[in-house]
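Once you scroll down, you'll see the structures, which are given as structure tokens.
Both of the next two complexes hold chain A, though its partner changes from chain B to chain C.
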Partner chain A sequence: MIHQISRSAELTTLSEFRKYIALICSQHPEVDENILYDMQLAVDEACTNIIAHGYKGMNAGSIILSMEINDDYAEINLTDFGHAFEPSRSPAPNLDAGLEDRPTGGFGLFFIYQTMDNIDYTTNVYGNRLTFIKRFNNNV
Partner chain B sequence: MFKNLRVKKYPVQFETRPGSLTSEWLLEDSDSPIILEQINNLPNNIKLRVYRNLLPPGLMIRFNIDPITWKGPDGQLHVGLKADEQTGFVHLWAHKNGSQQDEFFRLEISDNPQRGIDINLIHLNDPEGQRYSTDFDQDGEPTLFGTTRRNLEEERRAMDGGLAPGQIRKNLGASALAFQQIEAFLATLGHRAYFLDPLTYSSAWVFEKRGFAYVRGHKLMDDIQHEFQPGGKLHEALDGSTTFRKSDQWRTVRGRAWAIHDGILENIGEQWDGLRMIKQVGRHAGVDTFPDAEF
Partner chain C sequence: MDIKFIENKIADTMAVTGSIDALTAAVLTDFMLLKVGEGHHNLIVDLSQVEFMSSAGLRALLAALKECRNKGGDLRISGAQPGVDKVLKMSGFTNILKCFPNNQEALASFSE
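== the complex of A and B ==
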């Protein structure tokens, strides 16, 4: 079953999405707290990016969060209609650099890549769609 | 490091070719969207066959109009089509008794610069309902649905008669049917979504119910909902200073729409402008900026 929630691209939406993900996962005992946290973090970071960059300079449009939980993995989709972003151009943060040498930001995408098992990003004139796959058991 | 990331960009801008559709073009690929200009360049009878699919047959039967010939019992055409060659515009309208006065359906769609489809106008009026001349001012000049001029007396009568801004007659109650038809038509052409700019607050709300999301303006709709609550700036601005700003109007979509049409958004430093909505074919976005609303 696909669950879906749509909200405007505003920072207040982040907490609503976190709660929504927790609510859906509470119905699935196979999703433990660590997996829930990873999914919330990934959605949080992706939405922050959409809010800060995707809809920059315009009255914010919608973000549609849909998720489906299967036996051994969850699929999360985020759809927006703002400016497309270029995830492949985002440099990996230098974790070896001293704190004072690290640029502000840039860790959001890093967290997503680190915690999700598959990430697809599709963009065209109909909008942008970011898809995460999170497996419940990475050995599968 | 980003080994699990896959980026797809297909197609950022659709490639289309000038001229009309050809059988060779159609044989090549069944997925590429066809734009309206390509259809408009076809011979007239083919255009009629294609654009016939924009009209819900059930709606035609309801008004005793043959959905194939577009003729009524009087043998006269009751449906009009304007789809000129070398343009990407299609206008389609239907009337009950042969005059513009009892028009019950009007649809204007066009190609947009991104080779997608925009709905520029959709009207579904009950021809039996009382007509309010909000579309012309007291000097007989068109108001463009109250956007450039206003006929305040007719607007007041329309509001009291249960209409929303931009309406000249009460709604036909067939928007779900009409959008299903438009969507099926656009899917046939290969479009995965279509766009529109909502003229009024009430029309934006209706489009939300029909499954649209916002390209721009979702935040404005949220702000409107917030500020119309007791204690909000828009709630306070319903001060009775004009006919369209009565204190109880915050409770309904229509009441809010008339106050916004009257310029009440100035109180939050905004105006009704620049909103854009998108409907993805087959998907309902589930946007609801005025939960449990009464129209």
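== the complex of A and C ==
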């Protein structure tokens, strides 16, 4: 079963998406707190990027969050209709930097790569879609 | 997100409740920098009631940490819950600022 909501690409949407993810996951006992947080974090970071950059210079648009959960993994899709953004083109933050050189940006994508097992990004005339897979079971 | 400010001779505590994301982090940053500007250079940020923090929260903490240290003080974390603690560890922030399980230990560390 696919669960889906659509919200405007504004910062107030971030907490709504977190709550929605928690609500869906509450129906699945195989999703523990750590997995839930990882999914909320990945979605939060991705949406923050879409909100900050995706609709720049355009009328504010929307983001569609859809989730599908089975016994072994969750698939999350984020769809927007703004500028395309290629995740793999952003450099990783320097984790060993001293205080003065410590980056303040770039952690969003890094956290997505750290927490999600598979990441896919497709863009076409219908929109941009970011897909995350989060596995629950290490044996899968 | 709510912030309670508790003054103490050794170090002041900023008890945060709720979530620190790209929406709420700006409020936290402004408040922390305001307090540092008022002369509160030793700060404990109590995250025990923070259920969620993203990289936006790291930016807020970093901005305040730099200000505290520039003024001869420090900013330390107490009570980070598992998810928030993971964000601090993944980013390497636990290498640049001190984290404690509770306020008592964080406060005691300022006396050392």
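One rule holds in what follows: the second predicted complex is superposed on the first by the 139 of 140 C-alpha atoms of A that agree within 3 Å, B and C clash if a C-alpha of one lies under 4 Å from a C-alpha of the other, contacts with A are read in each partner's own complex, and residues count from 1 in each chain.
Here, contacts are C-beta pairs under 8 Å (C-beta built on N, C-alpha and C of every residue); 3 or more make two chains touch, one makes a residue touch a chain.
All of these numbers come straight from a predicted model, not from anything done at the bench.
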State whether A:Asn59 touches chain B only (first), chain C only (second), both chains, or neither. first
Identify the partner contact of A:Phe111: answer first if only chain B is touched, second if only chain C is, both if each is, neither if none is. second
Which superposed partner A:Ile5 touches (first chain B, second chain C, both, neither): first
Mind working out whether A:Gly127 is in touch with chain B, chain C, both or neither, as first, second, both or neither? first
Per the contact definition in the header, classify A:Glu33: touching chain B only (first), chain C only (second), both, or neither. second
The chain A residues in contact with chain C across the complex are 11-12, 14-15, 18, 33-34, 37, 40-41, 44-45, 48, 51-52, 93, 95-96, 98-100, 102, 104-105, 107-108, 110-111, 114
Chain C residues within the chain A interface of the complex: 19, 21-23, 52, 54-56, 58-59, 62-63, 65-66, 69, 82-83, 86-87, 90-92, 95-96
In their complex, what parts of chain B are in touch with chain A? 1-2, 4-14, 114-116, 192-193, 213-222, 274-276, 278, 280, 285-289
Of all residues in chain A, those that touch chain B in their complex: 4-10, 58-62, 64, 79, 81-82, 84, 86-88, 92, 113, 116-127
